[in-house]
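Next, two complexes with chain A in common: one pairs it with chain B, the other with chain C.
Let's turn to the complex of A and B:
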């Protein structure tokens, strides 16, 4: 593996999988240790409580958010399936996330391959530029795209997909770069020597080697796209909108456990995807901001 | 590699970069530039804007008390959220570096999982948790701190709590990366030289993790100051932040120039905050 002194300084490149993680260790006194442990426990409770409570509330038998598990009912799930606007928003979100993650993965693969293999000294600059959509508030991205829609005769769906590709790209690039850094350049050099051209080396040698990383990046992009609310809030028109925007406009007026049921379905789906990535390459190597 | 093939390699690299280059140029940089430039145009009810240069939009935002209040609130709330997430996020990141490696994966997963569910799910979670029939009220009544459920939705504190919850993962990971990148021999070295653990932390570990602190703070401040959904759903009537103002101006009153001016000020605030942070960090160490 190549070692580049500038890499250790770089936050994005740090902590690549496979490298032994060694922490700066400070020994705390007994009391300090207990206080720290308590704080961490409370922080985990804080992080997870709002998610878990939604799962509980979705089984509520009545309008109120009760938590009596003995009376658990699937009433609100039936309500969700029977509500055509939520179901169509769910399907629309799935389609959008599939399209966006597909393109964000392809473009991300090409970009990260260029950054890792061809940029040389300009690598840090390339990396920073790739992260651009992360540094800009998402409302700015979506309003600019909305402006584009009002000025040019572009199909709304394509602009929505482009907006989602933009917000997914920083994640796919960082994730795929992590995998590419683990590929020995000598293997590619061997393929060149054997007469393969660059495109063929990329497609037949490198891509198979990083396939788990690419698949994980695609799934993570799917998750990011599915959860987005800001891009779709401005760009999607009435009637055809994504699930988060549909939920947002519903919750503005009333709160009903049907929302809990919908979001539970979403949570379960996302957790399953997350566990799949965890098994594949480790979630940490995809989530590398 | 020979001269020729390395030039060809450069060409191939450029070809690989062209899709993202075209995408960012046509759908990110140019549209954002176009949008922000609208802030110097005159509002027109009939045609969105008239290309007559003016500074009226900005002077209205700066001199009208209503708008100034919103700008001030946005900066204040974003700063508070950034500082709180920094403290908590640092603790979590530090914990992640110390936890046994068999547990580290799952501990990280538990931090990333909330992030993956998206903003709307987490905001809704807080509505359920803090509502009058929510769990927090039930506990408060059960303990006896309050007699009947209190209304916790619709105020600024709730918004800050929810935003801290939403932003926390974005702070943890950059700091974690900067902690892991440190030379593990530094801390034993400091203690050999006689430094107490706390002093070692404040004079060695903390200064060396500043790249992560800056990165995390910039992301959190940027995302917080642009948030709409969480403030709208949890903040109630009395609270407005710049993101919502832009949303209202453009989608309800169609005042694109004024909306663009608010967005430009938002970007300016973020820029000032980022450069201040970088300066401060360089001077402090």
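Let's turn to the complex of A and C:
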């Protein structure tokens, strides 16, 4: 009994779906081509200009936002590192985002597993409910959390984490669900019949198969938590707060390129994460809600 | 005969609709039993109930005398091979095959030995370190089989394991699968909609339709003595004609098809007596053609001719309007025969299905 090579070839050829998607061809010539190029350039300028301006401003040697490129300096970055309230806010945001994304990812994984595998016909309803926190304005969520805090004096940090989990959940659920849909239920059933209980199946088969999706969902949640203003603004009292709130209160009184420097650090961080997700699963599969 | 698995009055209902049963099935030790039927007949549901992936609404399941009705799949001691193989794409072939043993906490050294041994049995040495996507469909099929067999289950369940292979490979794998099954002597329940697979591989076949069992028997019994209209029409080619019983002597009856046309036949079970209604089944390969006026031959006209390569299929029409199929070898003698030609047809080994 041996597999002959012809068998291999046949099956491989048969298994390959002949489903080549061709991009629609746009035939442009002369003026049309120039106009098209101009449109695209304008679009990118529109999208990226704010970021570029901030990055540019962060390297300013003075309080002014305009300077000659040759004078570029790291002055405001030093200022940022030297400012204890900014640094502690940065650390606080980092910790909060780590906690929130960790729990939002775990809850999101279990929720999306339940929605995809166990809800059956009620699935669309479950999906819609899970997406609700995204539809509700964050200011409303913040307000209700504040009411909760006045009723039950929970530690401020825990309410912050809960709030951030709340706003991150729709994204982790949507992202992980997209990955889960790609897992053949028969593969899980196979492990189940081979002697693995449900938890073991989840751990040994499902999680490894959706790991890239889970990781990118975690990163996405991190970014969302890190950028939140509303919830932290409402919940955190005096003392240490998150970086966005710190920035917010700082710019109310004065304006200096130190904000641009802090923001640039964040932008770089997010771009790095974005590249990482892109390498893992492709940004599109995470952004698709 | 020792029983490996018994299904007792198994019923599966979804809300108010009964999808399956009640059915009773006995699976004998070491046999290959096939559940055959069209899609939606309940064969896959039955298999999933045996595997524990579906819970029956009513009835009991006994595996080697033990009631396993309420037992979850991980504790059932069964091996299931899926239609799409369902290999773990993130694990190597060795890890795939070892999975069941690892869940059973078999020592590592023993796992290595057993994995290698079973891969040899299925004819796939030297693929341990590869991943499923590096194998062909036929090879994946073998890995799936090895993964189910390595745990030495009490019973092996095969869910249309050949339907994703191309035609040539499918034919080859049938024989191989049967050979491995017999060599290991493992009790097997095989689900298919393909009667050729069922015939070539099975000890016994259960024909299912609409959630219940139509007939249980050896492939030969199913082909030769279908008990119902469905069995006669689903299995093999057959011309089915309503008739009246004209004479009865034991099994031997004479069927009256009207218009003075009578045909001797065998009843698949006792008929209700002379004058009762029945169905006459004539298999195309059992019809022979001769001169129109030959003795014993029924005068008919060729109404259609289908060239099939190795065989030629004729449709014959009798004077009373009944049509019969006739399949003959593709030889010169028959090549010339064209529609419109008058021939004499002898219908051999016809069957009469009473009351159908």
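The rule is short, and it goes like this: the second predicted complex is superposed on the first by the 248 of 289 C-alpha atoms of A that agree within 3 Å, B and C clash if a C-alpha of one lies under 4 Å from a C-alpha of the other, contacts with A are read in each partner's own complex, and residues count from 1 in each chain.
We take it that contacts are C-beta pairs under 8 Å (C-beta built on N, C-alpha and C of every residue); 3 or more make two chains touch, one makes a residue touch a chain.
Everything numeric here is computed off the predicted structure, so don't read it as measured data.
Contact comparison for chain A: of chain B and chain C, B touches the greater number of residues. In the superposition on chain A, contact of A:54 is made with chain B only, not with chain C. By the document's definition of touching, of the two partners only chain B reaches A:169; chain C does not. By the touch criterion stated above, A:194 is placed in contact with chain C alone, chain B being left untouched.
In the superposition on chain A, contact of A:208 is made with chain C only, not with chain B. In the superposed model, A:186 makes contact with chain C only, not with chain B.
When the two structures are aligned on the shared chain, A:254 is found in touch with neither chain B nor chain C. When the shared chain is aligned, chain B comes close enough to touch A:114, but chain C does not.
When the two complexes are laid over each other on chain A, chain A has residues 8-9, 11-12, 14-15 in contact with both chain B and chain C.
Chain A makes touch with chain C in their complex at residues 1-3, 7-12, 14-15, 184, 186-187, 189-197, 200, 204-205, 208-209. Those residues of chain C that touch chain A in the complex are listed here as 51-53, 72-76, 78-80, 82-84, 86-90, 99-100, 103-104, 122-124, 136-139, 142, 147-148, 151, 165-166, 168-169, 172, 176.
Across the complex, chain B is touched by residues 8-9, 11-12, 14-15, 21-28, 36, 39-40, 43-44, 46-51, 53-54, 57, 64-67, 106-107, 110-111, 113-114, 117-119, 126, 129-130, 132-141, 143-148, 150, 162-163, 165-166, 169, 198, 220, 223-224, 226-230, 233-234, 244, 247-248, 251-252, 255, 259-260, 263, 266-267, 270-271, 273-275, 278, 282-284, 287-289 of chain A.
The part of chain B that touches chain A in the complex is made up of residues 8-10, 12-14, 16-17, 19-20, 23-24, 27-28, 31-32, 34-35, 38, 48, 88, 91-92, 94-95, 97-98, 101, 104-105, 108-122, 124-129, 131, 133-135, 162, 165, 168-170, 173-174, 176-182, 184, 186-188, 197-198, 200-201, 204-205, 208, 211-212, 215, 218-219, 222-223, 225-226, 228-229, 232-233, 243, 246-247, 250-251, 256, 259-260, 263, 266-267, 270.
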